[in-house]
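Each of the two complexes below includes chain A, the first together with chain B, the second together with chain C.
For the complex of A and B:
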């Protein structure tokens, strides 16, 4: 009886571990692959070849498919999120780098940096249905959670373009600091956070008025201003904390999303580029482009617990349960 | 002679050393100020200049302050070992050493008691330093504070034994400056306390070589690994071996019929 009981207990334990298991998927720009990481063990599980120069990555609804911008193949690949097998392609236009998926997963908005366009793709039909002329070198792009707005940031025009999803037209523009790189809506769709790489600032825009609420100049004692190049930005669901990856400063800024003040800087790997929350938002994962690793930050203690080597030039990152 | 006598003698020696330490407030403060100056000024200045790749026992990137902390813990013990050596020379000059040495207990036991007293003082200093470092946001896993205790006892004993050994060679108090120049500084700077071994190899192969054979490096690595809940077997064996060798030489050095005492005219 005892062995049966023990084996049952073991099975339940294993099942619960499997249920808790979480996977982090990283695009490796130079290795032309996806790195699959087990963050609880802090280990690289495997790498999967994907195509030439993968960069932007997003997870579709119900975590079924991964969408990966494979820049030098000039397409967005649809990958099965379980088997990591290719299931389709989307026509992204040339050199896709960043893109955003609508909340329901029906539309995909791609920044075409060289053509100064945002291409709207119908995911189901796998067709481009519109092209919107934006400023020079569009880069950061995000869709609001209420599916009303697409915010597209142009690196050279230093502008955020507000695209109405219903009409696919720009209805407003907001001037921001030099070289805006990434944009992110808060979960309540009230604010848009914009990082400016050259200026070393984070601008928080009010979605209703499209005007800046606050500009935060990021400064780290002991580091020269040229090292402060904010890129990736994420904000938690409750809008309590926001996080900004500061590129060659090798740090992530922890920002109180209520007071809009920087609370802390956390040291991660070199040239930290993009950020992703764990599904429960208790951890934050960073891609460190130059040190070829992913740092795992425990958000309960604000502590970087581990950096895991993943492969050359990690760029985009997502996590799934 | 029974165990009670041994116990009383040890209590007397350790108690005297602790009492000295507690009452000499300047000594307590200066023992803490030294590593804190290194931590707050030196390490803070180098924070941006030195990028550290992930080296065990660290699992991620660390600030220079975090790296240097175990080295400064070692520094506290190194200076403490030398301080005991200085106080031995002082005791000898003042004559109180003679009182100790005429005690009808084996000489090795008296020296060992003296050593334990020094280690107790250094461990106390290290923990006070760790508390201050904790407020400066240099935190180790909580269990590390426990695991580091045996490492501190061994490293403290090894450095204390080195101090005893040196004190048996030093003729008078004035020669102590030489100890600073020829022992403390080279030991500290040619070690992994300030820079990791791989970093030294980049600039000088010789420096790397000296640092890797320096017992102080191994003591620092033993402390570093223990503070992060890991056991560094090589560093442990190296430090233990160094302790045994230093202690044997020190006991021999204090033997009036064989050691250096002969040269000091029976002092």
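For the complex of A and C:
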């Protein structure tokens, strides 16, 4: 017993030396709360009540405010990122789940799944300024870093809709594999990565032509194809590595973003859905919906170093220094 | 949930930005017929659930809308031609009249006999039928047709789903009660097959004969009927719902009821909300003004399958669409957490089966732990080796085996190494 305890203590000590002070914030869909986690200690600090069924979460510019889609309250709440106190609300339309913030934080684009719309919100005026009709059940949504494009993926129409930010009009559509869930632009705005949950694929689209560059079929030895259901996807700033959360396969795929080949799979908690980098991009945090925890992955050694129990149905995740 | 009125006001206030169709010129049209026959309202035990005359049709309509949403981006248009044959009408005659040569796809909401008649017609040879109603095992086995795909889980799939869950619960002694109709007998057979497959013992079997006598009531009859035998669950086969509801809370010993009443196996259920299903439930309720039934779900999947194939292949030709549907690429989103596809050997849609009580979803089969070398979904119903359907292209789209990239030799070497290590360990320990 003793040696194990000792090595654990040592590990935690090493971790805290390695990690700077930072905070990870997780939405808990079933607990109607935010979980505030200290990743260096690997500890849940506290939970904060937020409203019914919180899901999507984003951090505004300068890490000042958190934006949280509170689905069953039909609004997006603005939360002070230090005190976690409610600052305001945005009119999101029905049942907001996922949304994306423009790089400067002035606009917020919300997927309204039941009404097949993307609602554009002026954050400062706290007003919806446009609604864009998209395919059936829009879900994944992202804004390019150069603030040119909004990419919206519809789950039943199986398409990525390219919305021109200047006109709020769809200018192109790209057909992707069954049930696209998440979309993510690379930092250089050259590529859009799209996961297709039912097909078990990751499609990399060229932003200039809106055409696929490559489709990666994710295969894991020992798992049947129907368990490979990719959801969340993130790519690092240098476009060196990309990471895909594979839901019920309980793994995160590590993808070489240069060669577009799968390098390895990391075993995390159950039904892993969303991913967030640490501010220095040395660690990756995952929300594991079924095992009710967050996995901390050390990206220097590709090791899952810790799981932190956070509460019921962790869904969205962000980190701040 | 806001009311419809507030939602409409919300949208009106904003004014919708409309979609510009960039493909207006060359529109490809896909014609689909939906055929059904009006039914006489059958007898029922209670009037709590009103008889639904248009089961199925609303599902097809919503799917056509969904297809057309995609279609406006791809330059394809889906047209649904709904045919309702009157109660005493001749289905074959109406079919010949209304399903013209330019219609390649037919969604059928007809019983087994009539579907067979239509599928065997000469003019049906170049049409593809989507059976959105029958659950018949024979139609998927010895009586199978090459031009028919089946959307609903068969009786065998349902019985297997129940049996798997019962095995998980270790409720493995069944008291089987069947009704008098042919359908009840078939459901009973499926239950027996499942029991045999999963090692369940049927300790008693009785038929409910509906003898009418003013002195006999459900509360006096059922205890006597179920007396004198010990069992884990009472399994009832009563598809029409004429007596199955009598058993719950009235058996001699306290036992749960499963089968066609109590805990039921179904393709869709009002309690199902996972995997985006709540969106489908809401969408359906808003458009149809009632809850989605499993026939609606089946017709929805039928029209969505056509939509998927047409969009992916860019073709409205029957053979191209059929080849795509039977191929490995086809993965249909069906709100049940797993991609759906067709079994090449009998045209049955592979899918999870829901196990639901009146107000809660109890489990989803295949139950964890029931494994299959290709896909766990094929632990439900007639698997390829068991099928007596001589369909063309039999094993065509067998899903790839699990772990195809694992080297058998490599595993063997690893296992041998471990055995060697263990042997060495024991040798040193026990010397």
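Observations, loosely collected:
Here is the rule we go by: the second predicted complex is superposed on the first by the 302 of 321 C-alpha atoms of A that agree within 3 Å, B and C clash if a C-alpha of one lies under 4 Å from a C-alpha of the other, contacts with A are read in each partner's own complex, and residues count from 1 in each chain.
In the analysis below, a residue touches a chain if its C-beta (ideal position, glycine included) is under 8 Å from a C-beta of that chain, and two chains touch if they have at least 3 such contacts.
Not measured: the values here are computed from a predicted model.
When both complexes are superposed on chain A, chain B and chain C occupy overlapping space and clash.
Touch criterion met: A:74 reaches chain C, while chain B stays clear of it.
Contact with neither chain B nor chain C is seen for A:147 once the two complexes are overlaid on the shared chain. Within the superposed three-chain model, A:40 lies out of touch with both chain B and chain C [touch as defined at top].
Of the two partner chains placed around the shared chain by superposition, chain B and chain C are both touched by A:222. Judged by the touch definition given at the top, the superposed model places A:175 against chain C, while chain B stays out of reach. Of the two partner chains placed around the shared chain by superposition, neither chain B nor chain C is touched by A:189. In the superposition on chain A, A:89 contacts neither chain B nor chain C. More residues of chain A are touched by C (comparison of chain B with chain C). The superposed model places chain B right into chain C at 417-425; the other stretches listed in 129-137, 165-173 or 417-425 stay free of clashes.
On chain A, the patch touched by chain B and the patch touched by chain C overlap at residues 222-223. Taken in their complex, chain A has these residues touching chain C: 74, 93-94, 113-117, 119, 128, 130-133, 135-137, 155-159, 161, 168-170, 172-173, 175, 177-179, 197-200, 219, 221-226, 229, 248.
Chain contact summary for the complex, chain B toward chain A: residues 44-45, 47-48, 51, 53-54, 59-63.
Only residues 42, 222-223, 250, 267-270, 291, 293, 295-296, 304-307 of chain A touch chain B when the two sit together in their complex. Here chain C touches chain A in the complex through residues 2, 7, 10-11, 14-20, 22, 66, 69-70, 73-74, 276, 279, 282-283, 304, 308, 311-312, 331-333, 337-339, 372, 374-377, 399-400, 402-406, going by the rule given at the top.
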